[in-house]
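So, here come the structures, one by one.
Paired with subunit B in one complex and with subunit C in the other, subunit A is shared by the two complexes that follow.
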Partner chain A sequence: MDVALIYKLFFLLPLVTAGIIACFLRKKHTLAAVFSVVSATVFSGLGLYLIFASERTAWSVSWLSLGGSECRSFDLHFGVLFNDLSALMLLVLIIVGLLVQVFSLGYMKDDPSKARFFAGLSIFMFSMLGIVLADNLVMIFIFWELVGFSSYVLINHYFDKPKAVAASKKAFIVNRVGDFGFLLGIVFVYWQFGTFNLVELEAKAALSPGLLSTGMGLLLFCGVLGKSAQMPLHVWLPDAMEGPTPISALIHAATMVAAGIYFTARVYFLMTDEVLNVVMWIGTITALYAAIVAFGQNDIKKVLAFSTLSQLGYMVAALGLGQYARSTGHGVEAGLATGAAVAMFHLTTHAFFKALLFLNSGSIIHACHHEQDIYKMGGLSGKMKLTFVTFTVGVLAIGGFPFLSGFFSKDSILHLAHMAPQHGGSSVPYYILLGTAGLTGLYMGRLYVVTFFGKARSDNADHAKESGPAMVIPLLILAVLSVIGGYTSIFGHGFDAVFHSIHVAEGSFKTLMIITGSLFSVGGILLAWIIWNPKKDTDALESSVPVLFKALSKQLYFDAVYDWYVIKIQDRVSLILSFLDQLFISGLMVRGTAGLVGVFGIISRSMHTGNLGGYAYWFAIGVLVLGAIAFGTFKF
Partner chain B sequence: MTIGLNEFLVVSGILFTIGFVGILVRRNTLIIFMCLEMMLNGVNLALISFSRYNGSMDGNLLVFFIITVAAAEVAVGLAIIVALFRKRQTVYVQELNALKN
Partner chain C sequence: MNNYSILLLSTILVPLVIAIIFLGFGRLPKGVTQFLATVGFCFPALGALILWVNFRPLDATGYDYLMTLPTGLEGLGITLKLGLNGISVPLFFLAGIVGLASGIYAMQSGAERIQQYLMLILFMQAGLMGVFASVDIFFFYFFHELALIPTFICIGVWGGRDRHSAAMEMTIYLTLGAMLSLFGLLAIYFQSGAESFDIISLKSAVLNSPIDGGAQTIIFGLLLFGFGILVSLFPFHSWAPRGYAAAPTSVAMLHAGVLKKFGLYGFIQVALPLVPLGANHWSMVLAWLGLGSVLIIGLITIAQRDLKEMVGFSSVMHMGYCFLGIACMSVLGSAGVIITMVAHGLTVALLFLLGHVVYKRTETYDMDNMGGLVKHTPALAALFSAAVFASIGLPGPGLLNFFGEFTVFIALWEFSRPITAIAVLGVIISAIYGLRAIGHIFFGSPSEVFQKHLKENSIKDISTAEKIPVLLLIITLFVIGFFPRMMTDDMNNSLEDNFSSINSELKQLAVEEAPKSPLEVTLSIEPSAK
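Take a look at the complex of A and B:
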């Protein structure tokens, strides 16, 4: 079959699915859900064919052409650039996407607007696919906005809850802030290079590195700040947990928030060392901040949200740390730059274990009748055995327990950070990231101990029982992937360009990693058991240092500062601007022009009397004036 | 005194002016219509005078055209006035101001 045809089918399938559900199946909820899952299965099959059986390819059609042939024309293309990097991201998208759809069959079984949910999921798959495959920056930007839109729709699923509405708006608006810079960055790139196409850009950037600048990279990175929720635009992600849990797993943990990482990896050749330095610090600080704040959260999904933030921080830090690997020159010829490859590796394993953890939390929340407070759970280990086992795998994987998936990827990031001082970098990021790994083990241990052990702290938790097969089977598959996902050889040779650039630690550093990994993951759980004894009904930190706990539960007052800024400064500035707008733009220019024309209208209307004699007079005056001009009475 | 071109032109001008003033001031459509005819005839007179004065037949030719067209115009115009009267029961222009709205 023709490659272009396959790609067209591949693109259209989720979009058409969403369209059919939205137009015809809105009231037929079960049918819509089944249809969506079947379509996702076909979609995944096509995707697997493209990833493993077809050649890596680039394909594009002209979409919009402005300007003629003589002047410099401006062409927009709709195209696909399918290389090892996008294949890896596509693999993550279809695996997690399909499992989440199946999981949703169980989780959303009793939801009154299931059809809308599944239509939203399909739209999301379409938009995310666009980002993964796009071969130019404008197309990436369009689909970037589309994932923002689908995220908005899906966070807003329970739109009768004011908090969900506020969260969806916040997610959208905070992303707008980042995307403004992103758009400027794209324009900047076009201004310097005269093209949007990624392949041409890479060639031109290699040919004339002088065209690259720090401003360009930072502006492009603004989009990543918003989408991947890095400091200081991280505030939307914890709130986005108001959406249904499968959405949190797919969009706000595994794929959409990782799109920023993927994008940076895709345009890594545009990032100068100065930009990567900023990127590294932002990632490192976000990782640490989120890990600290996670201790102040009692909502199971909020803890996982901050852990996502923290892990995204790791990936961003890996992107930034790539500057040191790049300066030594290794790995560049082989394919992707080392920093980007390591970040993508962590993205992949993180997608598996974080989707696993989120779906587990979904299973727990479903069993506890939508109770999300971990201090109202407890004792679930005996009641939900399969969920307990898979959650344990997830906690160990994120904690970096040796030879689980999280160990390998986190190890390669820490290795990069460890190497930094040898190439003139600071050693501070290494210690921060290592410390964050310890904190990760501890806060996940707290979540794990409080949720699963002790006795049930509410009736809902007391009556919890294991979820149905539609929910448990995805959990088991993800648990297996979380265990083996770190062995790159299981993926075959399709992703060599990515995986061959990764350098794993050897020798004494590897021993150190194994020791710290076991210490942080298992030790974290044991220490958590001592501090947050599951027999207690209240948080140990809350009862011993309430001030600190309050600060942490308020996320170190980022939201308060932003509120203050918006209300006290931005609103006042916009009030002034609004006044000026009303006065000059709207009053003088828009209404003024209309008013002038209106006055002429009134004057000429008064001449229009309908009286024949009147017209004859005007006619006579006209003749006289014309005559006077003809005879030269008036000189012009 | 001899009657020359000037006198004819003055009479033609007077005829035209009477017709024009009539159109301006009269209210009755029929009168206005007659005034219109008078203006045409004023022009006709001027054309014939010039034709005679120049010794060419061009003016006379034009006059025949005007008379023909005026005859047709009268037929149409009167028909319109009759139709108007049937519809509105009036021939006074101040009442025929439907154009305004």
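Take a look at the complex of A and C:
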């Protein structure tokens, strides 16, 4: 089959699906849902064909072309660059995407605006596909914004909840703040290199590294700060949990928020060591911050949201730590840089176990009649056996239990961090990341113990029943992937450029990793059992150190600063400016002039009856007089 | 002259003749009025489409469909010369399509004295088509006035809240702006030494002997403030939000969507090629004022409660990007401006239109008195959101808006990096007010005032009749956005022609100025010799 045709089909399929649902199936909810799932299946089929059965290719058509002879040309293409890296991201996207669609069949069964939900999902798949395949920076930016748009629409799904409306707005605007830098970065790249195309950029950057600059990399990374919710632009992600849970799983855990990681990996050659140093610290601090704040959350989805932030912090840190692996080089020809490869590895495993955890929480929330407070759950282990088992797998995987998926990927990040001092780096990130791994085991343990053990703390939890097959089957599949996802060989050789660049720990460090992994994951649960005894109805931290708990539950006041900025600074500045505009520009300048003209108006009224036609009349006379002056006596 | 040239002429004449029939024949039966008005609005749009599709500039002038009609004023250099080049052809089409949408909406508006209302809008339509079809700058100006005067009358007669003072303010301001630009245009004619107002001969005259540098500075200064006022350049913008708030919807659509672009078009088509040295001299002032439009007006937009005024302010803000693009004095900058003009013209017309559709349901423009409308009008909410997202340059519905802004940013980086950095902040600002508007109107729970209104009235979703003009604009925006080359290729050729002469004139200036500082040359060589 013609590759260009497949790409076109691939892009059109989700778009047309969304269009058909929006135009024709708005009121036929079940049909819309089924149609969407069928389309997603075909989409996944095409995707699998591309990943496993076709050549890695590039394809493009001209989209916009300006300039040329009188100025530097500005050529924009709609193009696809399909390599091992994008194949891996595409695999994650179609697996999680399809499973979430199927899960939604069950989860959104009684939702009155199911059609809009599925149309939004299709738009999201389309936009995300664009980011994954795009061969140039502008196209990435275009789809990047579109992804933000679909996220806005889907967070806003329950639009009569003021919180959901506010959250969707916040998500979009905070992302735009990041995109401000991203856009400037793209313009910067254009003037340095004269192209947007990734392949050409890589070649030019390799040829003349002097063209790279720290400012450029940092500007590009601003976009990642927004989309992957790194500090200080992380404030939108916890709020985004107002959206339906399948959306949280797909968009706000597995794929969209990971797009920032993927993007950085894709343009890794543009990142100088200075940039990567900043990246490393931002990731490390975000990982730690989110893990700490997670202890103050009682909403099951909020805990998972902070855990996502923390894990994204790990990936970003891995990207930054890659600076130390660069000099050593690696064996694979034309392979991805180690830092990027390791980050992508963690992205992949994280997508599996975090989507699993989120869908599990969806299953629980569904069973508990939309109760999200873990202190109103409890004792679910007996009532929802399959959910319990799959959740256990998820908790162990994220905790880094040996030989589950999370173990391998976290291990490779810690390995990178561990090596840093040998190449002149600091050892602090290593200790922070290792400590955060411990915290991860503990807060996940708290979530696990409080939710599933003890007795039911509310009627809703008491009446919980296992969810239907549409919801459980995706859970089982994701649980299997969370177990085996760390063995890169199961994916075949399609992703060698990524996986061969990963250094895995050996020898004593490996032993250390196995020990800490088991300690953190299983020990975390046991310790959590002791601290947050499931028999109690209140949080141990809340009752013992209420001040600390309050600070944590308020996310250490980052959100408060954001609100303060919006209400006190931004709104006031615009009100004051508006007032000044009214007062000076409209008031004095214009009314003042109008007053003067008013005097002429009185004179003119004495000569003329004075209606609006009169102005036109005077105008015509004025033109004639001016013309006469101009033609006759006008000398310049 | 060929058949297409006659089509070009008729796109102006048909609405003009129908307007004159409405004016001269007294009260016509309703059916006849409707039919004639439909013809008057459809013909220019279809004609513009045909002319765009068949656009093939053959000779060196870059123009197609050229035709000259006698006016009897040839002695004064005035001929009615019509034609289109790559710059004017998309704008000509914009005038046709926005005219059609606003015409359709005007016909269903149920305004009192509808025949006179339609008559004035048809006059506007004829004027708008004429502005972009004129090669002669006298008629370029004349057609602008033909469209402008009905605007004032429409606002004064059919306008809304404080229409008289708004019409007054707008009249004073725009007349002043028009006067200044007239002075500038006349000065160009006299200084160039050309024998005709025809821009092609003006260009060749200027190419042979450029206008004196000092005169160019004065001329461009006149045009800067003249055109600037017409395009609501900060700080001469205050007529725009008030005027649009008072204007009847169709008039606001036509003025903000198309007529306002006259000034920008004048900069690119007339001022830059004919007085480049003047433009070069003023470019920093232009850029800072443009930046003021983006940043200050952008922030003011956030504070607006009135939907129509918000759209008005946002339109002033977007004009700021256009001024920034012009200030760059490059092919890319001007290209970005033209793309933005087309995108903004369609979007702002769409927003005024949908704003009024909302108004018909809420009976208020105050966004604080709305809320939760989406439950009653899901399709309207979707269309309105699409329009807002287009306006804030989201590259989905607003792919064209994005391309326009992005091209301006690219061009601006070469001009000045700090200005670029500040201008890009507009991306955030527009997202804030855009989403705030959507949120206040459609989501959340209804305000108390609106709850009362809801109890007394049943609210229906957007009707098919209302959808027609909306879809017309949205689909046009989508199609041009996805296939931007259909407008940019020809446009680029025309711009490159213009800028090859502009750049040669600027280089000449550099050469002329160079000899006065031989000392600096030697000084700059010395350190490297050491």
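One rule holds for everything that comes next: the second predicted complex is superposed on the first by the 557 of 636 C-alpha atoms of A that agree within 3 Å, B and C clash if a C-alpha of one lies under 4 Å from a C-alpha of the other, contacts with A are read in each partner's own complex, and residues count from 1 in each chain.
FYI, a contact is a pair of C-beta atoms (placed from the backbone, for glycine too) under 8 Å apart; a residue touches a chain by one contact, two chains touch by 3 or more.
What you see is a predicted model, and the numbers here were worked out from it, not measured in a lab.
After overlaying the two complexes on the shared chain, residue contacts for A:Phe74 are found with subunit C alone; subunit B is out of touch. Once chain A of one complex is fitted onto chain A of the other, the partner contacts of A:Val573 are limited to subunit C, with no touch recorded for subunit B. Within the superposed three-chain model, A:Arg176 lies in touch with subunit C and out of touch with subunit B [touch as defined at top].
Applying the stated contact rule after C-alpha superposition, one finds that A:Ala22 touches subunit C and leaves subunit B untouched.
When the two complexes are overlaid, the chain among subunit B and subunit C that reaches more residues of subunit A is C. When the two structures are aligned on the shared chain, A:Phe159 is found in touch with subunit C, with no touch to subunit B. Residues 612-613, 616 of subunit A contact both subunit B in one complex and subunit C in the other. By the touch criterion stated above, subunit A contacts subunit B in their complex at residues 608-613, 616-617, 620. The touching residues of subunit A, counted against subunit C in their complex, run 22, 26, 62-72, 74, 138, 141-142, 145-146, 149, 152, 156, 159-160, 162, 165-166, 169, 172-173, 176-177, 179-180, 183-184, 187-188, 190-191, 570-571, 573-575, 577-578, 581, 585-586, 589-590, 593-594, 597, 612-613, 615-616, 619, 622-623, 626, 630-631, 634, 636. Against subunit A, the residues of subunit B that register as touching in their complex are 20, 23-25, 27, 32, 93-94, 96-101.
Subunit C contributes residues 76, 145, 149, 152-153, 156-157, 167-169, 171-173, 175, 179, 182-183, 186-187, 190-191, 215, 235, 237-239, 242, 296, 299-304, 330-332, 335, 372, 374-375, 378, 382, 389, 394-396, 399, 402-403, 406-407, 409-410, 413-414, 420-421, 424-425, 427-428, 431-432, 435-436, 439, 442-445, 484-485, 488-489, 492, 495-496, 499-500, 503 to its touches with subunit A in the complex.
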